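Each of the next two complexes has chain A plus one more chain, namely chain B in the first and chain C in the second.
Let's look at the complex of A and B:
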């Protein structure tokens, strides 16, 4: 068996053409730092973060609608903690809460059922943000709302699908040579979709897990494919990812949601890149208008270039100076899964 | 945001299960998977999203094995 030592040596001494690998999952970005993966690679192999954090690509107008909702009498916004510090055009949800807004953090969207049943006089809205990993859980939430005949709980969606975003990058950003595909999104969507992507865009698409060994093996496979002028999908996270993904979860998603154009902070509208509730379930929608969303980019903020993999976070002039996790200018610095936040916590600034 | 952790199912009650995660027992919705007691599942935001198929350490070892085979084929 090829030992880890041999693989590390080969990756460190690689002297072929320059390779830029994009990871599109914040958990991969974190794991790359935690495991010191960059220090194991030749300078000719560059790992760069893509649009792997749903919070970072949520439009500021979406946050504005949540803020407005939280400040209404007898209304309450339920959200994942990551969303609390993301700025809308004026306020974050944390600031709205400080002004008397009603905002509560939940670990699971399903916790919203209990909150709504306990407080029948409050109108709840769940900030339904996320990629395919989380979307089936919103579908479960809708199912529970219907089953329990709950009238005071709706969702405001900003749901993104990863394949249209990767396609956008393949078409518009020419410098990415390969993709380290997101492990947990792939648990739901399966590995087979990336085979089509690999043939269409002639790049390696390798699905990796989150342990150091998983990532090193995935990077090694990408380098091997590129060195041999190959481009194919390879599933290197088979303990969790199957060819077709989680069929139950996919069926549930498409029972309640349908594809729609969606707005990505820093990018704009990407055709068919979001999911919205189907017309027959619109009663559960608290005003999601993702394709009409707009965004305000703060002066000097380079989140767009970071999200599209044009620059590393440290290349932004605001990074670590005007923009830090305690006083984030751009959304990528706010979230624990945002590229800038992860780089800040792991780099010497 | 797509963070998920593995845990072992110790009890099942309809659509929910008690899952052992790093010394804690957590209640988890298992409607998205077909799981039985003793299975390891991947949990995200209070829901099991997949039943894990093999041991993670075993998987990493087999990855290295595959890589060697591929490289032997290349050369």
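Let's look at the complex of A and C:
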């Protein structure tokens, strides 16, 4: 068995062919910066951030609907923190709040139940945004709403599934050599799905954890496979990810939601990539995303190319100039999980 | 009983509020005279500062707005190498606030002032319309005990000492606001004894800064910019409690950018680094101090990570909001 020091040395001194690895999950991107992983790799190993930040891929028309609700009498929008700064076609929720809009930040969707029960005269709209990691909790939220017979709380979903997005990239973007698969999402969906992807697209799919050492190990495995002309799924986060994933969570998701085409900010419609409340639960739906959603890409914004891994954030002409975390033009600059925001805050200019 | 507009009228109710709460707790011969202004006996150069406190909730694990209002101003004075002597306190109270709450806050200010060795010698109360909020402004004066301490005074090779763990105040407030149960307490505390200990140990302190809003990364960037130097710190030496680290991982926050209310850094000559570290460690609130890095050539702030990678630390942008996943 090789020590971490040996692995680090080999990765730093790697002089084989150039390798582009896409890390799909924003938490990986964040950890890569926090641990200074790029500085530990040979320039021939490139890490590219993918579309794994739910905030970054949410359509601006969805934000507009939230803004509108927040400004309506007797209405309150409940959201996670990072949605506050994403621009709709005109306003962010932070700006709507400054104009008198009623917006509250929650850390757990189940906090919405408490808020709704405590304020029966207010109509609450919960901004349910996320990938498979958070979707089971939204399912639980619906279950609680039904159980407690709550009439003043609905959810507005923008829910995405990651596999259609990765497939889209495999089909449309030929330059990505391998994928560092999302750890948290994989806990829910399991590792076996990536085995099919690996043989279909002939690329390594490696599931990694989030500590610096986990990421180094996953990158090393990818480099090993590519150097040996191998392509397979390797689960290097076995402490949390099983082959079939969390069956209970998956059952809960598909009890309330069904797959549908959905709109990705910066990409457009990806077939079957969204989850929508089933028809029998439409009373709880306050206007979820659909393929009808639209997005206004500001002039010059290269979010699309960033999300698809075509360019690094620094290659966007607006990066660090017109677009900064304090005045974000594109959604990728907003979230703590967004590639541009992470690059900017970590001075990769 | 609740505060109403008449408590701010300047008449009988205002007088009662002052007598029954502020004079009772802040009791000292300068304030008790109730003159229009306090007359103070001060020697030599003074450090003089002001700060306003608007924290919600008013009470949190490890402190409250009153303790914060005293410690915040006291610590700013200390960072200039001064020993704090006198504070003023201005209260802006929204109608509907409970008088009992104000009493508790004033008591907390009294205790914090006693610990810091300062007297609250002047004050003001205003009542405004609202929903029971309470806001406090304090200003303070201290006598300079060691001059020449400045953010622009850091020299290449200097050691950077951090007085204790990062992120506790921010984490405690977040936990309170988000109703997350844990044992994290705000670190809100006066830093007088650490500063006195450094001065009494004859340390040639070049710069001191309390690590408040914006967190350590922001403060180090301010130093880098004002002293035209680079800063290098080591992740492995940063004291962060397991509970704060855990909360940060869940919420997507970074302890390097989180506010503290009882932590400081001291930048000292390398030759005195160990002596200074011991001086801080034997002081109250300095037990967990560490030498976390040094001043280097160049510009900006770099952190050597535990994996030996390098990470550039910029200032905090916007508000640190909990992330989605």
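Everything below uses one rule, namely that the second predicted complex is superposed on the first by the 346 of 349 C-alpha atoms of A that agree within 3 Å, B and C clash if a C-alpha of one lies under 4 Å from a C-alpha of the other, contacts with A are read in each partner's own complex, and residues count from 1 in each chain.
In this text, a contact is a pair of C-beta atoms (placed from the backbone, for glycine too) under 8 Å apart; a residue touches a chain by one contact, two chains touch by 3 or more.
These figures come from a predicted structure and were not determined experimentally.
Of the two partner chains placed by the overlay, only chain C lies in contact with A:325; chain B stays clear of it. In the superposition on chain A, contact of A:91 is made with neither chain B nor chain C. Contacts of A:224 after superposition on the shared chain: chain B is touched, whereas chain C is not. In the superposed model, A:249 lies in contact with chain B only, and not with chain C. Contacts of A:36 after superposition: chain C is touched, whereas chain B is not reached.
After overlaying the two complexes on the shared chain, residue contacts for A:24 are found with neither chain B nor chain C. Of the two partner chains, both chain B and chain C are touched by A:111. Of the two partner chains, chain C is the only one that A:345 touches; chain B does not reach it. Shared-chain residue A:155: touches no atom of chain B or chain C.
The interface of chain A with chain B overlaps its interface with chain C at residues 4, 26-27, 54-55, 80, 82, 107-108, 111, 129-131, 133-134, 184, 213, 335, 337.
Chain B contributes residues 1-4, 29, 31-34, 42, 44-47, 49-50, 52-56, 59-61, 63-65, 67-68, 70-71, 74 to its touches with chain A in the complex.
Taken together, the chain C residues at the contact with chain A in this complex read 178-180, 251-252, 254, 300, 303-314, 317-318, 321-325. Touching chain C in their complex are the following residues of chain A: 4, 8, 26-27, 30, 33-40, 54-55, 80-85, 105-108, 111, 129-131, 133-134, 184, 212-213, 216, 324-326, 335-337, 344-348.
Those residues of chain A that touch chain B in the complex are listed here as 1-4, 7, 25-27, 53-55, 80, 82, 107-111, 129-131, 133-134, 136-137, 140, 182-185, 187-188, 209, 211, 213-214, 217, 220-221, 224, 228, 236-242, 246, 248-249, 252, 335, 337.
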